[in-house]
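In the two complexes that follow, chain A is the common piece, with chain B as its partner first and chain C second.
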Partner chain A sequence: MNDSGQNMYFSAARAVAWRYLHNLYSKPAVFIPGLVFPLFFLAAFAGGLSAVGDTPRFDYYDFTAFQFGFILIQASSLAGVFVGFSIAADFEQGMGRRLMLATSRRSAILLGYAAGAALRLIVVWVIITGVSLLAGMEVRGNGYDLAGMYMLGLLSNVVALLFSAGIAFRFRSLQAGPLMQMPVFIALFLAPVYVPQDLLTGWIEPVARVNPVTALLNGARSLMAGEPTGILLAYGVAAGMIALLGIWALRGLRKAEMAG
Partner chain B sequence: MGQGARKAQPNGIEVEGLVREFKNGPRAVDGIDLTVEPGEIYGFLGPNGAGKSTTVHMLTTLLPPTAGSARVAGLDVATQGAEVRKMIGAALQEAALDPNLTGREHMKLQTALHGLPKAQRARRGDELIERVGLSDAADRRVGGYSGGMKRRLDLALALVHGPRVLFLDEPTTGLDPQSRASLWAEVTRLSVEDGVTVFLTTQYLEEADQLANRVGIIDAGRIAAEGTPAALKAEIGRPSVEVLPVDPARRPEAEEILLRFGTAVPASGEALSVRLNDGIEVLAAIVRSFDSAGIELASLGLNEPTLDDVFLAKTGRHLEGAGEADSGEMPLPEAEPAGAA
Partner chain C sequence: MSGAVISAGPGAAAPQAGGTDRSPLPIQVWAMAGRSVIRLIRQPALVVPSVIFPLFLLGVNAGGLNAATNIPGFPTDSYLTFAIGFTFIQAAIFSTMGAGQSLAQDIENGFFSRLVLTPMRPSALMAGQLAGLILMGQFQALLYLAVGLVAGADFAAGVGGYFVLAALVSVISIGFGGIGLIMAIRTGSGEAVQGMFPLMFVLLFFSSMTLPRNLIEQDWYRFLATINPVSYLIEAIRSLFITGWDGEALALGFGIAGVVAVLSIALAARSLKGRMLK
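This part shows the complex of A and B:
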């Protein structure tokens, strides 16, 4: 790509991101579904379930902070899934064709959605962090730790976004919504959500051990505590999934091109 | 046209053996060949389901061909899609618009998608909105636009990057006569003044006849006939002559004379009509025959053949009523919603 080609590419991506955000902020209700689950969890944990934190073998310093790790990864992933919904809706309603016709390099469309999603994510983070702090969350990590933690949130967002975009490009219909959402939900809950990994027992223990979400979750929690452990693993897992799902999403885009 | 001239203005379309077969579906386009000269308005005429939109989708790189090849502005649609898209603009049959955005916001989106320099975007958008007569509605959401307004906006959007080839898929279907006339004028201006090549599909005979320099008639995925409207009509349809004798008692005699020149066809009211065996050059002989028989005529009319006659001759069916739902008749004007301007 030459210079002017590059300018065109990023201009198209910015245009896609602009529209995504414009439609989001003109209908703020769109934020609600992506926040309902994370905030519900926060409320549930702050209430009755916080008793878990009093059990002797629970060795994390603060139960709300422990849950925040999960809420951050969950809210960030869900925000990524909702981008898949937007892509599917665009193809269902015809805007997909406008984007396909007007962009000379079509991967700019995917980049644009991803950029829009990242900006949307900032709002989500502000809300869940604010509510958690109000609920009395204690933060031990320093600025670098926290930046690393939010970065893991961003990476989970990209992972979920690429996964659901791949489905959206293949089905080009909102009917594929559950196909985007369910696997992400299942992966999230097959991780050490309520208690640290060491305390897991039964069938979930081996599942959680190989679940990539576990690495992200443990990494985020250790950063929140200011005692980073398993960070390389967390970032490595995220990078690997982004590479694989990036291919999945771009192949989906090719499929959408073939289908007209 | 020589090679040099083609290089200087390489915005034609060349299609060879183009095929599109849908999975579990029909061979929607079944081996078509056509050439559109630079700056020409090409009318692609055919009934519903003939394969017009599928052809447009292949030529605009939205759909890869199953077989055959197509070059738009000298670029291969299958292998040079990104370059083709820089050269073309398209307004598809179902205008792809976002009901949440205003007309002006659509312009902003489209100019950015095409990578126009930031400084030019707003001016270009306003200029085109003005040109299609949407200035008053520019800041309203498209969800509240009438069908005609959406089509005009879609056309304006297709023009933002100054495309050299323009694809319009049934641009006037459902438009009121006024909107149709202004769209025809704009298409003609683009072709004549800007040298834009226009590939336009239509189900309307009148549109192909009046707007297009050349017409391709498509039926069931194949090109049934191609040429200028005049040449097509001259090739197939012969004109008919209709006369009305002043004295009704002399009708049988008049009919006898007319039948020497052609075969009887239905006529209006008391008149008599024949489809001529030869061209209009026999008109003088017809007039002389009535004169020498002393039959006075109240009226004498010459009816040129229509593209429907051409369609009938090539496919054995009338274009009108050939489609599933739509007829070839121009539709009644659609009602604009209250407050639309």
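This part shows the complex of A and C:
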């Protein structure tokens, strides 16, 4: 790709990102659920279950901070899923087809949605972090640790986005919404949500051990505590999923192109 | 199926003393209930998630929160036994959406308007819709109890407790089903009924679903759980599993479920009259 081609490519991605954010913030009904759900879970888990933090062998320093790790990964992932909804809605309304006609290299469309999702995520992070701090969350990680933690959130967002975009490009209808949302929701809840991994019992214990979300969650929590452990694993898992799901999303995009 | 409401069926053809061609109420209810049940069976996509999702959350919570049984004062040493009560309420609330959604669909696709032109009573329409819901509630109660027992939950109330559980689930289904009907009748939109889901979720989560109220540390959360009627419904069912026969918990559960049922059905009936006049 020469300079002019590169400029056109990024210009198309920028336009898709801007359009996505414009639509998002001009429609509160679309933006608010993605924000309210994580806050609601934060209140329900950190508030209602704080006594669980006092149980023997629960060795994390602060229950609200422990739950924040989950809420960060959950909110970031759901923000990715919501982009899948937007892609599906665009195709349903005919906008997706027009975007395809307007760009010569269609991966710019995916890049644009991803950039929009990342910018949206910053607002979500600011709000959930602010609310958690107001609720008395203690932060032990330093600046580098926290940057690493938010980076894991961003990677979770990209993973969920690529997964749901792959479905959205294939089905091109909002009716595929549950197919995007449910697997992500289930994967999130099959990780150590309420207690550290060592305290899980029953069937969920082996499931959580092989669930990739567990690595992300444990990594984010350790960074929040200022005692980074399993970070390479977390980033490795995220990179692997992004590589696989990137292929899934791009192949979906090809299918959408072929569908015309 | 609508034809059955108007004229078909034994006894339906005989004009009543008042000179109207209206078929007796039980026949109307039977026809509407049959339609509601068949519709439920024919749409597994509506039924399966409302059955499976509560079981999934039960599995996750039972494994993930078993450590909570080590909190001093926790009423049982099995979190599964503690959590299973919540599953019944969650299923009932999911079914609320189903009942509302079905009626809203009828309004949206014009079936309801055609029904209004028949001599059918509003009460038959509502009772018919709720019949499907009660049947679904009973199926779920039996399934969740069986799954719970197989997975190792205790059911302290024994065989007699099952009948109390079934009765309570029915009253709760009617109560929440009535709320779904109100939303459907007032808005006539399936999307609006679905919009109730987050509110219902809030009612579920800000209750004593995950810990007994006396063990909730945060004052604000304990306060919300105490004023939330859903807490008492969960605690009534939970008492059958943990304590056996706890008169106070059961009286509160049946009382609250009964009040919700009476109020929601009365309001739904009122809304229905208004909708039929439109």
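Keep this in mind: the second predicted complex is superposed on the first by the 257 of 260 C-alpha atoms of A that agree within 3 Å, B and C clash if a C-alpha of one lies under 4 Å from a C-alpha of the other, contacts with A are read in each partner's own complex, and residues count from 1 in each chain.
Rule of thumb we're sticking to: contacts are C-beta pairs under 8 Å (C-beta built on N, C-alpha and C of every residue); 3 or more make two chains touch, one makes a residue touch a chain.
What you see is a predicted model; the values in this text were computed from it and never measured.
Once the two complexes are overlaid on the shared chain, A:210 sits clear of chain B and of chain C alike. Of the two partner chains, chain C is the only one touched by A:55; chain B is not. Of the two partner chains placed around the shared chain by superposition, chain C is the only one that A:192 touches, whereas chain B remains out of contact. Using the contact criterion defined above for the overlaid structures, shared-chain residue A:97 touches chain B, although it does not reach chain C. Contact with chain C, but none with chain B, is seen for A:33 once the two complexes are overlaid on the shared chain.
In the superposition on chain A, A:202 makes contact with chain C only, while chain B stays out of contact range.
When the shared chain is aligned, chain B comes close enough to touch A:257, but chain C does not.
On chain A, the patch touched by chain B and the patch touched by chain C do not overlap at any residue.
Within the complex formed with chain A, the chain C residues making contact are 49, 56-57, 59-68, 70-71, 198, 201-202, 205-206, 210-211, 215-218, 220-221, 225. Note for the complex: chain A touches chain B at residues 4, 7-9, 11-12, 14-16, 18-19, 22-23, 26-27, 93-105, 257-260. Interface residues of chain A facing chain C in the complex, by the touch rule stated above, are 33, 36-37, 40-41, 43-44, 47-52, 54-58, 178, 186, 189-190, 192-195, 199-205.
Residue ranges on chain B touching chain A, taken from their complex, read 57, 60-64, 82-83, 85-86, 90, 92, 94-98, 100-101, 105, 108-110, 112-116, 157.
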